[in-house]
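Each structure below appears as structure tokens.
Next come two complexes, and both contain chain A; in the first it sits with chain B, in the second with chain C.
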Partner chain A sequence: MINFNLFVLPFFLGLIYVLVAVGKSWYHWIKALTPIDKVKLSTLIRHPKQALSALKEVFLESLVHRKMWKRNPLLGYMHMSFALGWFLLIVCGNIESRFYSGVHVNAPYYPIFLKFFIHDRLVIFFEVFSVPGFFRFLMDFLLLYILSGLVLALLKRQYSNFFGMKRTSRFQFTDRVAMTCLWLIFPLRLLAESFTAGHYGSGGGFLTQPLGDFLVQLLPVPSEFVAYAMWWGYSLSLGIFFVMLPYSRYMHIPTEVLLIFFRHAGIQPKKWYSSFSDTEVQSCSRCGVCIDICQMNTAGIHNAQTVYFIQGVRDRYVPEEITQKCLVCGRCQEICPVGINTDSLRLIKRRELGSGQSTDFSYLKSDDKPKTAQIVYFSGCMTHLTPSIIRAMTGILENAGISYLHLDKDRSICCGRPLMIAGKDRQANELIEINKQIIHETRATLLVTSCPICYRVFREEYNLPIRIQHHSQFILDLIKTGKIPLQGQFKKVVYHDPCDLGRGTKTYEAPREVLSKVTDLLPVKQEANNALCCGGSLGILNVTQQQRAMITKEALDILLENKPEILATACPLCKKTFATHASIPVMDIAELVYQSIPKPSYSASAQSHQAKSYANELI
Partner chain B sequence: MKNFGYTIQRDQSIDIDQNDRRIVNYLLSLEPSFNLCLGCGSCTGTCTAGHFVDFNIRRVHTLLRRGESKQLKTEMKKCMFCGKCQLVCPRGVNLRNLIITIQRAIEQIG
Partner chain C sequence: MECQLGNQKPPLFLNFTEMKKRIIIIGGGIAGMTVAGALPSNEFDIILIEKEILPGGHVAKWDRLFPSRRPAKEVLDFVQKSMAKNVVIKTGSTITTIHRDQNLFTLHLNGEEPIVGDAVVLATGFDLFDARKKEEYGYGIYNNVITSEELEQIFHEGKKLTTSEGKTPQRIGIIHCVGSRDEKVGNLYCSKVCCVTGVKQAIEIKEMLPECEIFSFYMDLRMYDRNFEELYYEAQQKWGINFIRGRLSECAENPGHSLIIKTEDTLTGHPLKMTVDMIILLVGFVPSPETKRIARMLDLQTGQDGFLLSSDEHYNDNSTSVPGVFLTGAVKGPACIVNTIADARATALQIERFLITGISE
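Entry: the complex of A and B
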């Protein structure tokens, strides 16, 4: 018998199409890498250990969907059944087909439609311990596994709540077509194999044989005809799915593999829309995990979530409003199962929007020789709005007997991040250069700042040859070295992670450690990398103050759930934002530490001692 | 001495009908919170740039309202965009968006 039938053509042509299309994209992405990135990528070939760890991640993320499992077991099972199930079906099908054809290389359609081609080979049912029997069992089992995932996928469209998702992403036309075809593939395969097995009375497994026998009895028309139609349907759904794949969300399947290799080669996102960014955009599966966690929902904005933003980038058109409507809090980046650098993509697109009017910061240049000091304290613009933090910090520094220079005591220059986050890099760089010059002239070896916004940009953009610390880290060092004596009052406190300090620079532990020394730190439902934005973000321009207030109030509701006495934070902007709406005092960790330093001349015992001696004198 | 914009202005007559109110109309359509401003000057008082140089958002507001866009061009180049003004505004004017919109309007009008 010739192993060919006309119905394999839709599948076969679709397969060729998708291989060419994906191959072309891969080729373009790799070709468009910068020379340095190309060298990095080539090191993967020379270092098989690195390549192996990339392969391991491909297995764990693209097939097993480990991050999805962590998010929600049902969601994880659903994704794994499709990805790993289909992958194993292909691999096992290939091995099985070799057994029947007797050669190692078969036409690509032969294993896919194997049951049609081998129906004339009589194999006894339940012969599980022979090789063909084992494979028949295995293939039916894998098919059943995928179908169980399909049932979950259908249920998810209706009851996404059970999958831990309140909202799911809206689909485009191509997505719908591709998804429908994907969902049809496996039921059609089941029916095709069952009807064939039923018609010939053999060749099926534990699932397809009984089902086939049962269905064939019910049929009023010849079962051979129905089986043949099912094979055509199966092939067509595969073919259409393959053709739609490069134009739909399913492009993420081949792209994510390349992205994982890029990442393991050490390739980083650039400041411009690079080949790496394009790979990231195409790797977005539009799973919609980023929708629920986005605080824009709280403000009543439902069209600017990262999944829709990336969809726009992919379609080569993002309305400016969507690009701008983002707090740049980084929550979606933390939760993204693909690990897309969502914030950096946003900023790239903001940069492309045009950097706007040129600036003139010539007024900042001064001829004054700045003082020099080993330790320089830079409070930052926002901290100037919360003078209590400056008082606390200078108090702590003086208490520890450290000589320091308060760099922006009178002349506060913005660090540049507010401009940068609005996409005005050129203007921001002017400020950065001026600040770098000033910092350089102080000959400092340690730069301490109270503002996480400044801290982040100092670290990421300034390339300073000195140590940079946020004051939480600096205070922790002082406590550890015993430079400041502490007498904590141990009030009940919750800590709010500022976006730029937490997710921005991964500083989660230092502030907590400091707080645990002077307060009774209570847990919060959403903290560390899942902490909420306070709503004061400088990353967004086009929301009203009312919308900001909604975000702030929601964050406060979650923070104050455990009834703390004080809300602690480590960012002047968060403090200022919360203070407007909070029912309890909002304090920076520097203030809490400063409060806990015993001050001899003003302490209660000293006062009573003074009063006593005064009374003695009188008597 | 710091200039908060409270000093006595020079005599000048302004013909609102003659002046170019394109920018202010553009602003009002894009950032309606501009209407909330009561001219208290908090923004100017806290301004990071205003600390160094004669930059006065309150005056920018008046110039815009009067439609005097000539002076604006050099004036708006001084903003560092730090956002302190927005945080102290008692009326909830969306100042950062306002400033970026003014800059864009100036760029477009030329």
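Entry: the complex of A and C
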């Protein structure tokens, strides 16, 4: 071999190590897929269209970092310069090396250290426009591009707020070593190429040649020696980075590619810690985007954010406290640039904690002949704590002349989600089976619920062969079909998206459409999928009421910024939580609609008078 | 509005030739009036500011007092009479701003000349918990849910207790700890007086309606003071009132406006569902927004519970971190009348010492 030097060994060995390690991981993940998922994955091979769309996503997310760009242009530029810049450097370097070697397959180190081996001279000016001249320009340009990203990365450690981040993640030792090596790779390459170009007086591009010429003049020692040391440093930093990659956050680079293919094959997260979950965990780049948006910060909790939770899962040790300390609001899932199913991962780990708690749901079984109805209204146990919502819903149903069955009128029936969210799936499933029977016996074709928590679990876990609607959707249908006449007062209202209705079931439009018919709906700074949790979440049990109050008050501050007269929501739990701290009335959309139905007897009755005077008083 | 009890009217601006020091008492309830009555009125100018048209505070709305069930008016009359005739009482007055300059306090009232004083006493008391915040109990939604204060007004006006439909209730539920010892509404503290008030009101209902069944739902009954336990025994033995240990979880309404209440009898461990004609909510103490506003203007410290903090809970419970500003009564947290009167008298002694010697502690 002519083109060989001892210094390429660290790089070469590191490369072999990382390829073997990543290959082993990929093999294990694919091998551990369920048989069905394996079939799904194999269909990708037979459907090139699907595979191509996966490749497109790999390009857009892993290289261009589209989601990062959307979040913050500086952050997007930084990530893209490293990913796309380095990728292009490798690709173009390979093409360039073929030009010089004249063969298609070169030793893997050859393109990487090409300038060590090749330092020819461009004799005349127009040669700049020749193929080697073009590549020299391109390679220097790409290197400069990556270095500009590196400058940003260094700045980000100090001034993260310019990148739209208040807090950045705390890294582990392996992360720090790998990161240091990564950051050294490109400056060392620049120096190695520059010194070599300076020493030979040729071979460099628009950046490396002048820099090399300049640096060589300054050197008190022979430039050849310095250049050689730089090549060693460059190779070493590459080698160490490769060896550390499987043990650091940079494992996300190869894993995310596989994850994207998994997703495009239609593989879904499971209820247990599957191979899909493991690819998700290893795909986490610990970028820390999920830190700032986590409302645990508001409550003074800074160790349980998803990035730290996932870090714990990856290290095979998560303290129970951290697993449990989550509102399960889904905000991090919305913002995660990798698209990790963060909530589902939390619940998987909660399930693993298990529980020996015994349950007795015998009280739900009744010997009475079941009542039947086409439309069944299920208020939910939280709605039993906000009787004004039940009153409004039954009032709307009666006003629309609909015959219905109020399934949990006299008895609270739990839908099972509170158990499920606590990781108690066995108990939840017991309950769900009983409830399914109760619902089945009503022979309903439409199940309407006032509680987003119930709505979500009915949709996700019950597999009911009937239509399920949250009351916002049901009321919208009634309005659209002209079943209920409305005389809105058009008071200034803001709408709070409940987590389980909004991010949970992507129901953003129906409540807004209903509200726009009867109120003057004002915008909120953070709404729809970026809405805050009210703080009342059933998903967390290990925070104090004071910490919950901090979360509630922060959410209220944002909601009430535009000075609304009424705070509207579509969840009994959100309503109750906000009502404790709000300075204005908090009402469910059902109440606002019910209020807007013209009915002569309504204003005459004593209780509505009371309710009205309450609202007036507060306004 | 100014109620002049005597003929002599002191000037509202400090008269430097006379050098008589002025004490401004904010709040004309039991606490404020007792302070005014306990201070030597010949040595100081005393001005009492009350936001309502009539002084008397919460006690003026009450019918009878625990544990002896004597009329509240007796105590109110005594406290009112104890005030010397030259105490100036300004009723219907709201304070807009308070300034402290050196050792003098300047109070601006709505649409009146400012008042300057040497000492300020905060006797602004408490508010009752807004039961609508406990929506699951249905106050403001169902017709037959009333508060202990409303029941007391019915007694006070000599009316007969009826349901919203005008019927005599056959069965009544009395709900303890509404807004007290309830983290979910943000109040962790005990309001002290509701337990015994509930027992007293249960007896009074029974006196009025002997046929009516009464169920009291409690977490635990804190019969801490003299004759309280005796009253509780009397309620059970003489009046047959049922006490069930269990916090009310929720309340629903039947078509005929009677109520279904759900709870758990925690002594037997069984869930319990009961139909009653009406429920009475024993609402607890909460710090009033007005007190909080005045405290902010004077830079006073507030405890976790929202009530004001004195210099020392044991031996300086009436002075504050601001020299010349004193606290008395329920601004510092739930208190019964007996304790409020004792506290107000102690406050008077502290103020006197402060104005004579300059020592505020």
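In this text, the second predicted complex is superposed on the first by the 591 of 619 C-alpha atoms of A that agree within 3 Å, B and C clash if a C-alpha of one lies under 4 Å from a C-alpha of the other, contacts with A are read in each partner's own complex, and residues count from 1 in each chain.
Basically, a residue touches a chain if its C-beta (ideal position, glycine included) is under 8 Å from a C-beta of that chain, and two chains touch if they have at least 3 such contacts.
Please read all numbers here as calculations on a predicted model, not as lab measurements.
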Looking at the overlay, what does A:M244 touch: chain B (first), chain C (second), both, or neither?
-> neither
Have a look at where A:C326 lands relative to chain B and chain C in the superposition and call it first, second, both or neither.
-> neither
Figure out whether A:S388 sits in contact with chain B (first) or chain C (second), or with both, or with neither.
-> second
Touched partner set for A:A579, first chain B, second chain C, both or neither | second
Chain B versus chain C as contact partner of A:I439, first or second or both or neither | neither
Which of chain B and chain C A:L207 touches, first, second, both or neither = neither
Should A:V313 be classified as contacting the first partner (chain B), the second (chain C), both, or neither?
-> neither
May I ask you to decide whether A:Q545 touches chain B, chain C, both, or neither, giving the answer as first, second, both or neither?
-> both
Which partner, once the models are overlaid, touches more of chain A's residues, chain C or chain B?
-> B
Where on chain A do the contacts from chain B and from chain C line up?
-> 363, 384-385, 410, 412, 545, 576
Enumerate the contact residues on chain B facing chain A in the complex.
-> 33, 46, 48-49, 51-53, 74, 76-84, 87-88, 92, 94, 96-97, 100, 103-104, 106-107
Can you check the complex and tell me which residues of chain A touch chain C?
-> 363, 384-388, 390-391, 409-410, 412, 545, 549, 575-576, 579-581, 606-607, 610-611, 614
In their complex, what parts of chain C are in touch with chain A?
-> 132-133, 135-136, 138, 140-143, 164, 183-186, 188, 250-253, 260, 262, 271
Seen from chain A, its contact residues with chain B in the complex are 356-361, 363-364, 381-382, 384-385, 410-414, 418-419, 422, 424, 427, 431, 536, 538, 541-546, 573, 576-577
